[in-house]
Every structure is written in C-alpha cells, then in structure tokens.
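Quick one: the structure is below, and I'll ask about it shortly.
Chain naming follows the written order as A, B, C and D, and within any one chain the residues start at number 1.
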Amino acid sequence: MEVNLNNDPAIIEGCTVPVRVNRKTRSNPTVVNVNSVRIGSVPVAIIAGPCAVESYEQLIETARKVKKAGAVLLRGGAFKPRSSPYNFQGLGVEGIKMLADVRKATGLPFVTEVMDTRMVEFVAEHADMLQVGSRNMHNYPLLKEVGKTKKPVLLKRGMMATIEEFLLSAEYILNQGNEQVVLCERGIRTFETTTRNTLDLSAVPVLKHLTHLPVIVDPSHGTGHSWMVPAMAKASVAAGADGLIMEVHYKPEEALCDGFQSLNPDEFTGLMSDLKKIARAIDRDIL
Amino acid sequence: MEVNLNNDPAIIEGCTVPVRVNRKTRSNPTVVNVNSVRIGSVPVAIIAGPCAVESYEQLIETARKVKKAGAVLLRGGAFKPRSSPYNFQGLGVEGIKMLADVRKATGLPFVTEVMDTRMVEFVAEHADMLQVGSRNMHNYPLLKEVGKTKKPVLLKRGMMATIEEFLLSAEYILNQGNEQVVLCERGIRTFETTTRNTLDLSAVPVLKHLTHLPVIVDPSHGTGHSWMVPAMAKASVAAGADGLIMEVHYKPEEALCDGFQSLNPDEFTGLMSDLKKIARAIDRDIL
Amino acid sequence: MEVNLNNDPAIIEGCTVPVRVNRKTRSNPTVVNVNSVRIGSVPVAIIAGPCAVESYEQLIETARKVKKAGAVLLRGGAFKPRSSPYNFQGLGVEGIKMLADVRKATGLPFVTEVMDTRMVEFVAEHADMLQVGSRNMHNYPLLKEVGKTKKPVLLKRGMMATIEEFLLSAEYILNQGNEQVVLCERGIRTFETTTRNTLDLSAVPVLKHLTHLPVIVDPSHGTGHSWMVPAMAKASVAAGADGLIMEVHYKPEEALCDGFQSLNPDEFTGLMSDLKKIARAIDRDIL
Amino acid sequence: MEVNLNNDPAIIEGCTVPVRVNRKTRSNPTVVNVNSVRIGSVPVAIIAGPCAVESYEQLIETARKVKKAGAVLLRGGAFKPRSSPYNFQGLGVEGIKMLADVRKATGLPFVTEVMDTRMVEFVAEHADMLQVGSRNMHNYPLLKEVGKTKKPVLLKRGMMATIEEFLLSAEYILNQGNEQVVLCERGIRTFETTTRNTLDLSAVPVLKHLTHLPVIVDPSHGTGHSWMVPAMAKASVAAGADGLIMEVHYKPEEALCDGFQSLNPDEFTGLMSDLKKIARAIDRDIL
C-alpha cells in the first residue's frame, strides 16, 4: 500500500510525520507491554542495568539491586557496538543466556540490543524487548527485521538524527506490522564537549505532540557522566517522559564499558526516591 | 594581575574554568541581588515579560499579570538585536523609560538588554539588571563595560558558545570588579529543526558544578514554540535551575516580536502553579 | 591480537589513529585496485553514475556517457537506504544484475552499496567494489563482513562521524584482513540549511596526513544541489583528493532518487574538462 | 523605507536573500576597491599578515615578505577579540599606528578589525579597510556604525551563522549606504575536533549564487593548523573565491596569538606559486 505523505499535514512546520506513527491516526496513546510492564501509561517506567553484560555475578548483583530500588525492566548489552574493533565487543550469545538466567532468578524482564539482521530471530526468542541502538537507527534492513517480530522494540534516536528521521525509522518498524515501539532520546552530537552528547529534552514534548508512541530518555548516554545523571533524570520526568533507561553497575570503577557514566546501586536508590517525588508532582507515579 | 590558568585544574576534562568564576575560589554559591530579589538562593526566581517593549499598555498589562502569578522580575527589550535590519528594532530610550514607569506602577524591578558600549551608562542608570544577549556573549568591549558598572548582569550563553567560552565571558565581567552575574542557558544551535534552538539543560548541572554563579534557563528562546515552554520550564526547575526567564505577552498573536514563543497570561498562571509543585518536590520554592 | 592504542602517538592532538590504518605503519600510500583502475595513484579517479539503478536503459545510457567523458568506474545503487519506508527502495538483486550487464556492454567496473550482512556474499560475487554507505559507517557487523571479502571497499564517512570514528570504522575492515579500502568524505550534518550537508573538505588533508588509505570526495551528497557540484568537485581535486564520486543521470528531472543533485551528461562532460586543468595544475592527471 | 522581503523570491528554498545584497538587484558583481586593490574582479586578491600586531619589527618584516610573494593587502589585528580576558588583547591604538607606518614604508594598504562602536571613527580614519570579525557578525550597532563610514568592510561569517544570517548582517551595512562589503567564509563550528572549525567551502558557490558581493576565504581560522592551509587555500581558489586572507608571521613559533595556524614567509611564498597555477587553470590570475 502506497501512503501519500503529502496528504498528512505537518504538525510542526518543516516536520512531516508519517502516517502510522502519527498521533492523528490514533485517538489514544500507544501503551507498549513488555510482559507485565506497561510503558506509556501513568506510571513512569524505569529501566536500569549495566552497559554490557560482563559476568553472571555482575548481572545478578546489579539486577537485584535495581529491582529492589524500583526498576521494572533490566537492561544489558550482549552485542556491543563499539567505535573501536579493539574494545570489548560483548559476550554475544553467552550474554543473552545470562540475561535469561537472571530473569529467571529475579523475575525482571530484559531489553537487549540487536545489531545484525542475522541475529534478530535468536535475540527475539530470548529477550523481552529488542533494542535498536543509536548507531543503527538508520539501518533499514534491521528495522524491517525487528518489525517482522512480535517483540516490543526500544528504538534509540540516532546521535545526529532529526526528529523527523527518528519518526521515519519508527515508521519502518510499524510498517512491518509491529506497533509496539518505544522511542528513546539519548542525546545528540553538538559542538559542546563537557558532555558526551547534548541531551535534547525538548524531544520529549515534541515527540509526545507528534506521535502516539511512548517516549523515554537515556540520561546516561545523554550526558556521559554519572554525576550529571540525577539532574537530567529528574528533568526528564518533569518534561513528561514515559520512562527512563539508566546505566547502573554494581562496581562502576571495574566496568568494561562506560563505567564513568554508570551509577552505583546506592546512587540509583537515592535517585529513585527523588524521582518519585517529581513524578507525583506532575500527577504520575513510579512503581 | 596576570592569572595563570594552567594552575587551575580542570574539573571536567577538557574544560578549564577561569579563576574568578571557578567554584573552588568561593566556599558559598553567589547570590545575586536585584533590588529585593535574590537569585541563587532557595527560591526559584521567575522572570517574565514581553520579548520587546511595544507600548505602555502592553507593558503594564503584561507586568500586572505576571506579577500576580508570581514573577519577581520583569523582562522587556527596548534595544532589540534583530537578524534583519527591516525587523522592528525596539523603542530604544523611550522603551527604557516605559519600563521605569511600569516599575513605579507595579513595584516590579526590570532587566533589559544593552547592546552598545555607548549605551551602558544610560541603561545602567535606569534598569535594575543589565542583560547581555546571546549575540553579544563574545562582545568583549561590552562585557568589560557592564563589568565596570555596579548593576547585576544577566549573561546569556551564546547560541554557538561552549560552556568554557561562556564561563570565560563571565570572567570578563568579574574581572572588572562586578561579581553580580547570573548565567542563562537559552539553547544552542544544532541540526534539529523542530525547535528554534536545542535547549541544553545539561548546562544546568555542569555550570552548578563548575562555578559559584547562579544559573537560570530561558525555555522560550530555547524552544521557540510557546506550547513547548511548560514542559521545558518544569524540566529546568527539576534539573536545578535557580530561575527561569520566560516570554509572556498579554496578546501574543499581536506581538511585534517572537509572539509564537510567548505564553499568554493564563498559560503563564497555569504553568506557575505546576512549577511550584516541582519546586517543592526538590525542596525549593517559588515565591 | 590485542593492539595497544595508547602506544600509538596521536598525530593531531585529540585524535588517536588506530594501528592498521595509521600512516606510520606503512611507508607508501595504499593504492586500491578495482580491476584495472588504481585509486590512490597519480591520476585522480572519477566515479560516476546514477544514484539508483532504475532501468537497463537508464543505466546503459548514463554509463556510456560518463565513460566517454572520462569516468573509470560506474556507481549505481541497487539496495537504497532511504529515510522513508515509502520511498523507492531500489531494484535489489535485479539492479545488481543490470550493473553486471552494463559492465559487460561498456567495460566499466562498478561499485554498489551493500547494507545487510546477509547480502554481502552475493554482492561481493558480482560487484567490483563494495560501498558501505554513510548510514552504515557505524554498522560494525557489516564492516566485519565486508572485511572478510577480498573486494575493495568504498567506505563513506558517517554524516555525523568524527574523523577519528571514520578511521576506527576503516580499522574494522582492515582488521579482518581486507586492506583495500577507499575513504570517502561526503558531507557532515551542521546547522546550515542552504546545502544538504556541509562538505568538510579539510577532511582531505587531515586524512592524507593520518592514514595511508586513499581519500575521495562525493560533492553530490556533500552539497545536495547539482549546480554546486562543479565548484566543489574542482575544490576537492585542488585539495588533494585521490578521486571523486559524482551522481550523473541521463535525465535528472525523471530520476527516482536525488535528481536535484545529479548532473546531466553534458554538465558532467563540461566539468571533466575543467577538472583536468585543475589536476594538471597540481601535477596530477585525470585519465 | 520599508522593504518587503516577502516579495523577494528565495533563490534557494528556505533561504531568503534581502534586497540590497541580492544578486538580482544588480546586473554586475560588485567590485570592492581598497585603494588600488580590486576585490571581486578577475585577479584573486591575496591578503596576508600576522594575526596580531606585536611590534614594528614583526610587522614590517612580515609585510615585506608577503608583499614580495604577491600579497596585495596586509592584515593585522590591533584590537583582538580573545575568549579569555587573560590572553593578549592587542596593542590597540598603538597597533593601528604601526600598521599605518608599515603602509608608508611598504606601500601595502591594510585591513584591521574594529570591535567597539566607539572606535569606528578612529579606525576608519587610519585603516584602508575595516574588518568586522566572526564574533561580531551579530553585533548590529557595530554593523550600522561601519555602514555609516565610507570605508570598505571585510565582514566575516559568524562561526555558527547560517548563510541567510550572514547576508542579513551584510544588509545592515549596505542599508546604511556603504556598499563596499567583502564577505569572508572562515569556518563554522561543528562536532569535528581535528580542525579548529569546519571550513564550509560550499559557502563560496552558494554566496556567489545569491549575492553580488565578493567572497573570500580564510583558511587559517578555517582549519586552525598551518599545515592544512595550503590544501584549503588551493581548494578555495578552485571553488571560485575572489580572494584569500591568510595568517603569516615572520616567526610563527614566537607569535603571541594563533602561531599554530600561521604560515612562515617561506611556506607562504611556496604556496603563492601553487595558487597561481590553480588560478590560471580556472582562467583567473593572482597579481
């Protein structure tokens, strides 16, 4: 079916929103269900866990602590897209199995990244939610492949993607029949160097205005420094985000990947308490 | 006195903070006093008013309404830096006088922009606070001139300036003997087009970390669309901003300048009520 | 083999160059051989052809004309990475076959994009050179897969990639044993809107300084307007590029993809004559 | 006189060109005359000299060498806009006098920056051409003030200004009655860190397309590294620039300002010989 984008009036001048993700095509916001977790409803969903799965011990220890503090979904990378071929590339299939084991032990469903079209079927079989990372937002064969699965998808904004391109990438997934897509702002590339990226929080109101899909924020990648994460996590909730995804590591100083931007369990627990207050101030909640 | 920046250890790698604005040089945060208004203390200071002074009626009507809703300082441009020579350039000296008249009528002190070294003395005589706008953050003769006055200064981040450059511009002012400087994040230029600028809210925790000066946010210029302002105003307070500066116009649709990003008085009043809840959730307040 | 990047002294402060692409690891520049075409030698190699393969007629007509004007390699996309799922996605396998047929008829070898790890083997079997496009510069599984083939690779800089990341992506390919890599500057994303991208021509001297790999420029994507292509093509040759890749379509106004940035055959022929003069002025040549 | 910009059809979609600088308002390109030097005519005008005037010896030695190599105009800053208040701020009035003395001794006219409206009259009295620097492109009172003089103006593009804003700033000058304006591309701010700025050479064909004013390029600030200057200077001429402005210092390693991007006289002399070949290849010349 050919869709005529020209008939779809832009809601913001200069930004055309494709038909399936367009808020006008649906009267209610989409709620994405990851097992029993609902993203896009009144409660703000908190996703937490290590950047990369490193060992069973690291994963289970971290998972238990983030669950106790109120996280409803575990994150952890098994396939890691690293700028350098000489950096730790992730545990791969073995990492996926550890995530499944930890789910069994803790009851926490997990989201994990898939980077290669050849691995989508395998990851979809084991994970509760598939992540398409920032570097793959423009990887259209991958978007089509995750669109063919029945799994919810966490789609991260490309680090230099416009909002319009972000929505078009989501459209690739919906166009294959999978409407369970969560959009994630994770910072864009600018000239500023004190932060790893510039977290574009205005993407939250803009996306909520343009699309019916839920919108979450990643303040860990968005700032690149663990000490900036609490301020930006609170700001994200106040801005109206439907959830947060944050890096937490049981021993950040020993992390094989991105330790400098990971909270330790105590910091995470303290932050959760603050986030609940913000959520209530805007008539939402955190479970 | 020559100051050796090399002896000043960077607090964030790659960002050298000059000596006078550096948080390490002062045990307590600076509080800037604009008449009876204190910026940088527990209460979050709300500055509001029209983009440009257009008429006495426009100004007094807007001022009364923002004061009633809780604003403590009136903003209004008399000298307007406009990209095009054919756009409304402001009422100039006459506008400054209207601001003074409205202060007399309402009791609201005012902040207004000065762009030309030749006008600093005149504006400092009448205004309660001098604004150096985004386009003049790199205008060093102007920074030196406002540094020689005794008036508090609202320094806006250049739309293209790094945090390091922003702090160096503030240093120019402090270096002349004027330490009453408030820093204002107002959005930076990126590739994104759905917003007028990209509001870099991470500048709030970064600046609070690096300097003792108060930090406020301008969500009106930072987004360029009035309907995005409430989300970003709430996010700014949650991120720890010491204040907000927002454009409010009694009739935005008739504004000679930036009406699309101005709240009307009712929207502003509603927003203030939400902001108070956020402020309390983080143990601050709004008067 | 683990390679210690820390032992590799940065040649430009702040930019670490990995070992295999590093100019210091090889005394002579790499020459990439695409059949009889040598890229990285004295002659400036001209690659031309349509954005997308649309039909046999379109391809053969365009190929004959660019060959006659001096192009040594044909470009043409069969698999097209398009921002919208509703745009023409390319002829796929059928397009690859047309390219092979046109090679047979004209003698022109061809370069074509591969986007999916599952298609690398097939495309490598038919094409003379594999292109990894801008959107896939960070697609590490794809880089590894093309690194395992024996085919020369044209690697385009990501539209958001730093020079350092660009070199790291090339390192992924070399690290798999394939050293026949040509780097292509194609414009980066900035705030400027009169051009589709900002062609970063300084990447030419920077890359020639840092790596032994050949460097070419794509002024068609780099500008996004056919009338800007001649100026930037000439500038690229003067800056020291080892080649150019340009979009030429026998009927740009009927193109299914990027017609606005395609030269017609007459424009291309005229440009080639100018380019030869520039090449000679810097002691190079165009065959 | 009110000018209706809406009646002025944009030549590039999304870029409105104001009336006085618009190429459509004049049948012939503007030639700017700086004493006997013509900028915007067939010969490519070469402007060279130190970043800052440091001493009479430094200036006269450098001036003699650049003149001998073919420069027609001397550059040198007396008032320096420096990011830090603790950096060398220039010799001020004394520097202007040295420039005038060196002009007398060598016959070379000079261009120098003015930053403060209060100094325009003084600088205009002594200099042959007034420079408005990148940091002051948005300084409208300054633009108006130089517009009131009869002196030719060298207007540098703001480091994060769009082409449209650049033309609007030029319009401010022309609108005051001064039509002797040369536009200078000097690099824009992007995420790339191997260069000080990203030299946007596509600004040359774009500006030549949109306006009748001459366009020159500053490859010294545009790259920030002296070894990149020759490649980008050659590229600029090939792209159609009407001139170049380059930093040359008789002893770059001792420069008080920007020595890392200054050519020494031998490098400059060698480059001039290469530039003449490029100029001839495009049917222009260098005197």
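What we mean here is this: a residue touches a chain if its C-beta (ideal position, glycine included) is under 8 Å from a C-beta of that chain, and two chains touch if they have at least 3 such contacts.
Note that the structure is predicted; figures quoted are calculated from it, not measured.
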Type of subunit A:subunit B copy interface by residue overlap (half), same or different: same
Centroid comparison with subunit C (C-alpha atoms), farthest chain: B
Mean-CA-position distance for subunit D and subunit B (Å): 33
Residue list for subunit C, restricted to those that touch at least two other chains: 160, 189-191, 193
List of subunit A residues in touch with subunit C within their complex: 2-3, 5, 18, 81-86, 115-118, 135-136, 138-141, 158-160, 165, 168-169, 171-172, 175, 189
In the complex, subunit C residues that touch subunit B: 189-191, 193
In the complex, subunit B residues that touch subunit A: 12, 14-15, 160, 162-164, 188, 190-195, 198-202, 204-206, 209, 222-223, 225, 227-228, 231-232, 234-240, 274, 277-278, 280-282
